[in-house]
Amino acid sequence: MFPWIDGFHWTPTHIIFLSLFGAALSAILATAAWGLWRTLGDFRKHLAAATCWRENFGELPAVEKRCRHELAGRLPSRQCDHAFDCRTCPNYDKFAALPANVPASRAGVSYSDNLLYHRGHTWVRGDWDGTFAIGLDEFAKHLVGSPESVKLPEVCDEVESEGIAWTMIKNGHKIRVRSPLAGTVISTGGPDSDFYLKILPHSQPNLRHLLKGPEVAGWLAAEVDRLQMQMSKGKATLADGGTMMPDLMDAEPGSDWDAILESTFIDR
Amino acid sequence: MSETALVDRRWIERGAERASTMRFLLWLFPWVCLLLLGVYAAGLCFYYGLNQTNMDNRFAFGLWIFLDLTVIALGAGAFFTGFLVYILKQQDLKPVLNSAVVIGLTCYSGAVAVLMVDVGQPLRAWFTFWYPNTHSMLTEVTFCISCYLLVLVLEYIPVLVKNRQLRRVPSFLVFEHQAHKLVPVLAGVGAFLSFFHQGSLGGLYGVLRGRPFAYRQGFMIWPSTFFLFILSAIAVGPSFLMLVVATAEKITGQKLVDFRVYRKLGFISGVMLAIYVAAKAIDTYVWLNVTSPSMGFGPWDYYSYWPLSSTFLFTATVPLGLLPAILFIVPRTARHRGLLLLAAALTCCGVALNRFVMTVQTLALPTLPFDPFLKYTPSWQEVATFGAVVAYGVIVYSLSYRYLPMFEAMKGE
Amino acid sequence: MKFSRRDLLIGTVGITAGIAFTPVPWKLLGDASIWTQNWPWIPQPSHGPVETKLSACALCVAGCGMRVRMAAGFPVGVSGVTTNPVTQGALCPLGFAAHQLNWHPARLLTVRHNGRASSWPEAQAAFAKTCAEGPVAVIDGRPGRAASATLEVFAAKHNGSYQAVSGPETNALVPYAAWSEVPVSALGYDLENARTIVSFGAPLLDGWGTPGRFTRLWSERAAGQINPQLRLIQIEPSLSHTAARAWRWVAVREGTQSALAAALARVLVEEHLVKTQGPLPDMTLEQAAVQAGIPITAIRDLAHAMVECAPTVVITSDSDPTVSALNVLLGAIGTPGGIVLKTKMNQQHGSVPAAPATVRATVIDGTVPWDLIPPTQGEVFRFAAWDGGGSNADWLLPSPGFLEELTDIPTAPTSSIETYTIATNLLAQPQETQTAAQFFSKLDGTLPDVDKSIHARCEQIFQAKLGTIYAGKPTPVAQFTSGAKLEAQLRNGSVWLGESPRHTTLRCALKTWPTAAAPAPVTDWTATWAPPVLPLLAAKLYQESTLRDAPGRSQA
Amino acid sequence: MSARYGMVIDLDRCTGCGACMIACAAENNVSPPEPRATWRTGITPMVVRALSNGKDGTDRREAFIPITCMHCEHETPCVSVCPQQAVEFDKSTGIVMQMPQRCLGCRYCMTACPYHARYFNWWDPQWPPGMEKSLNPGVSVRMRGVVEKCNLCHSRYHDALQKAAAAGKKEIDVADYVPACVEACPTGAIQFGDLADPKDPATIAAKSPDAFRLLEAIGTEPKIHYKTTQAWIRALADRQSDRPTEAPHV
């Protein structure tokens, strides 16, 4: 195969044959190497979480990709094509200007107007000192109730936007909660305190991708419907009059929580 | 739901309808047994040597080479579908692409595994790369197949890491994301390699000047069988793919791909098959009237021994070649799912028969005038190893179907 | 720093990638394939000084000259000796693997008594005891050797009997010996001068007599010629190897060769194809033809073909006198190209006193064919180098194997000229083994010693000043200045060839047409092969190829 | 100058004794057969096979044909197919060399050989204890799983070369190089010589009208020639248009 090996002759066949296969093989290996290189690059550039999120978003069922403006009733129907990242959405302002119409009561669960909500059922609260508190919203709380264990990042750890902020274990289900924004963890709370994480973003963050006001109502309503659908797959009972009963996971162990949690926390 | 079932469920696509864990295990059980038996048989061959087989100095190749040639032909769907989707941009074939990759991977890895058992000194296999004789078709085959196996692995990884649990490892998912952009390159290289080794597998016999039954004239260094094998492989690949998917649909009771895909695959098979049959006819004519007589061999020397053998040539070309081609192409029949699948089945049988004739019949026929016509029946070890490859294919495909998004493109977006 | 799953993954990938860049996997690859090239369970040839020595093969009566290639003191290959006037460089197929016989699984290296392991002292004691009780019968398979003398003397001393058993070729000569009142050992076939040879089932091209002698003759004078100088007519029921290559093959019905002989005799005499007038068989031509299953016309043609090209000699595979009688009619006895008398120099054998009824012990020499079972009560002491299976003796006594015994080789039975060869033992005799002669000498020191008798024989040849010594080039004995020189030459593998035969002295009268004897089975070279086992490589002929059917003898 | 060693085998002289087979096996350290070995799995680099005219009864004729590697001169089938150069055509002698140590055991060369002169070691070679002392030091033992065939007793050629070199000659004395089978033939039916030398008796014999080669039409230019005066044997050299005769014992 190589000139220094017994039996090698500088014949045309040798040269043509080996160069052909050399080319093919190097093409294959180069491809593999390139893929690996790009992967490492993404990690270095902190794009990994975003990439994963985009991959996952791409495979969400259509019904779970609804645009916030549709949820807010500003549009009849629109699918998000920016992976829920309204910061990059060119049409955002155009639609945001339209009037919303969602009766606040439509939401099956309570929410606060001065919190920003993430589709992964976390809320964000900007504090005076420029840090941001992150917590689970009511919907998620009702679902999970009191988790058996919570695994929070260490202080000073970095969290990526759409990356996994913390994980909880409940009835043997591992729940991975997405971080609504990127930054450094400066303190950690938990189920008992009123927040889970306090983080300090690297720069003044753009929070446009988070839901607020009527969108939240619409979104939560939609979520409750979804929940209802998924649970009724097991046996058809749910909260009386649309308000959710607490600690559903304990109350209804029979349901397909696996699927429910996945769609709730958008974690495939 | 039991604990294992729960865990099992977590590895399955969200919202995917799959058989219960128990049923799945029951389905796997016989195949696993077959696989283990085959592995044991192969072990015997490694430990005691090839005297475990019924091959001999005259039947130096046997069941296994037939298996290799057939399986690799059937696996051709992988490269050709990839070629169509990524190079010729036939996006509507995307739904079956993943299963094509899985089929290809199993076929090729299976074939290579059997080859390793088939050689007398497996530990010297790498000599072929170290001291390659570039004039040998077998060298070409070895190089191509090992390179192409690499390609298939690289094509399979993205499918693999799409598994619900594996994808949670960010690096996997990111790699998948990046690798996906490069699949066209792989598809291109794969096509190149496949064209060559499918051909070389034909050349393997076509160059045998000492075996006038197999020897063919050709173009430059390539005998006509080189091109015939490429054609037949391309023809049978889509058919086999279609057959496998249809079987999967039957077993799982789910609609996996749209019927349009079937028709498209069928049409490709049909056209290729038609070209192949025509080429084969010309080749046979030239061989029987020019090539073979020039070496002192007449048709009688091939077909006088074993009455059945004379029908092989006809069977492989007409009922198992021309007929399916027609079924595939004529719209009235192609519209009919049953006929389409029948045609696919016929095509697969036809190509298998052709490979059988090229490998086994070639060796059974005597060359020396005072030689007898030889018979050979494989030993149980050979058969078991054969079965193991089939089992291996079924198992890998089943696992992939259950745990990987094989037909993701079907998800209504 | 905690160790996450991701670290593990990257670690493994890194390590595997890294290992590929170390020499380790490549070295392993190389070593693995080198290992396959010299597996410990595959023997390697022993290297050592290579030399070529001459000796002779003492495994059968033919005693062909052998050129032996020795490496590290062991024979690693044998071939014929081209300067040997008898074999002319030929050997039988089995000869080429004879050097492996000494390691044959059936090799006998322990004294066995009724199947149980025993020892030489015990055997000695047992034999001494029986000797004391009564007479001893000694059976010799190869009379005329130096060792034979020892056996004979011993038998005489113990008022026992010395019997010489003879092979098919010698037996075929017995009728002529009887009719012309000469010892069988004095007769031979003058093939070199014959023009037509009619063989009744004798495997002339398949191990008959001395390999090389007739085959050479045939290949030079007959092979492939439409009208050959030497016509070989093979009369045999089946198409044997000899029949296949014969000038003419006559398929005679099984066991009816004496009938055919009778028919031929009638045609020969009645149609005056021969000078002699009889005697004639009482069977008519028609009867004979019917018996033999051959049309009369064919028999006539055959008879004519026989005499067309004289001299003609008939050779039989067994001692059926009715067939032998044809030679008398043909006048092929005592005439060139017929049955001739060798120059008589050696003392005669064959006039054998029958074994007394009261023998207490029978000693069978290692040269006796394995399947010979002596018709005697009393203990049987059998010497053999290989166990032919089916123990047919009370005592099995290991004797030296191939090239392990110094012995001399008298004239081969079919030869028309006297020869003398010495088979020097190129290998040391294993101490587990003894020849019958050595066994006797242990009991009785006064017996003639083999080495001495060989010396005496050489001296005799030197004194007679007859014949020629064939070493590299032939030298007449007369030119030798000393017996010692001559003996040295003979001991180095040369051959002594006597004077060419005298024809006139042999006369043979036949009063009446003899009566047929029971026909012996047709043989081939595996039958004329004396050892009870064949070399393992012989299986190439009948197991690994379709050339021959497996011989009936034990492959051990 | 390069030699072309070959043979002319006179089939009329072959008595089918098989001496060449055994001499060959002994010379080349072929092991005694494994009990299960048959004519299809055994190792007989030189093999004598029976020919017949296909008739029965008294019309039947039989002959014998020694078959060994034909050392094809042109487009040597086995050389081009070997994937890893374990088969080599020696340009200086015309001998087709097989290198067992290089062989992978794929047996492609065996399917390529029209004369079936190649043999695969289906079993490990085995000798009874002690018999390895009788092995020819000039030839190495082949292991299980590799292909072997006639190398025209290459070790003898090598010895002849050394002898010539010792005598300060470039070319070997033809008398010094005689393959085992040639030496063994009791009827001198096998003529061995340098077919490139027009004066060599073998070359002359190969040109005689009785001489022929097996399957000449295939065009591999075998260097083993045969000779016979018998028409029916000659007829078996090439394919006839009618049904070929079956070999006996098969």
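The first chain written gets the first letter, and so on, giving A, B, C and D; residue counts start at 1 in each chain.
Keep this in mind: a residue touches a chain if its C-beta (ideal position, glycine included) is under 8 Å from a C-beta of that chain, and two chains touch if they have at least 3 such contacts.
Model, not experiment: these values are computed from the prediction.
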{"item": "Pair of chains joined by more contacts [C-beta pairs], B-C or B-D", "value": "B-D"}
{"item": "Chain closest to the middle [Cα centroid of all protein chains]", "value": "D"}
{"item": "Chain centre separation (chain B, chain D; CA means) in Å", "value": "39"}
{"item": "Centroid distance [mean C-alpha coordinates] between chain C and chain B, Å", "value": "62"}
{"item": "Centroid distance [mean C-alpha coordinates] between chain C and chain A, Å", "value": "97"}
{"item": "Interchain centroid distance [CA atoms averaged], chain A/chain D, Å", "value": "76"}
{"item": "Chain A: positions in contact with at least two other chains", "value": "7"}
{"item": "Residue list for chain D, restricted to those that touch at least two other chains", "value": "38, 41-42, 49, 85, 124, 143-145, 247, 250"}
{"item": "Contacts with two or more other chains, residues of chain B listed in rising order", "value": "121, 124, 127, 130-133, 135, 139, 170-171"}
{"item": "Chains touching one another, given as label pairs in label order", "value": "A-B, B-C, B-D, C-D"}
{"item": "Touching residues (chain side chain A, partner chain B) in the complex", "value": "1, 5-8, 11, 13-14, 17-18, 21, 24-25, 27-28, 31-32, 34-36, 38-39, 42-43, 48-49, 51-52, 54-56, 59, 61-62, 172, 176, 258-259, 262-263, 267-268"}
{"item": "Contact footprint of chain B on chain D as seen in their complex", "value": "34, 36, 38, 40-42, 49, 51-52, 65, 75, 77, 80-86, 102-108, 110-116, 118-124, 143-147, 214-220, 235-247, 250"}
{"item": "List of chain B residues in touch with chain D within their complex", "value": "49-51, 55-61, 118-121, 124-125, 127-128, 130-133, 135-139, 142, 204, 207-212, 294-298, 300-301, 304, 362-363, 366-372, 374"}
{"item": "Of all residues in chain D, those that touch chain C in their complex", "value": "10, 12-19, 21-23, 25-27, 29-30, 32-33, 37-39, 41-44, 47-50, 57-58, 60-64, 101, 124-125, 127-141, 143-145, 180, 183-184, 186-189, 210, 228-230, 247-250"}
{"item": "Complex contacts: residues of chain B adjacent to chain C", "value": "121, 123-124, 126-127, 169-171"}
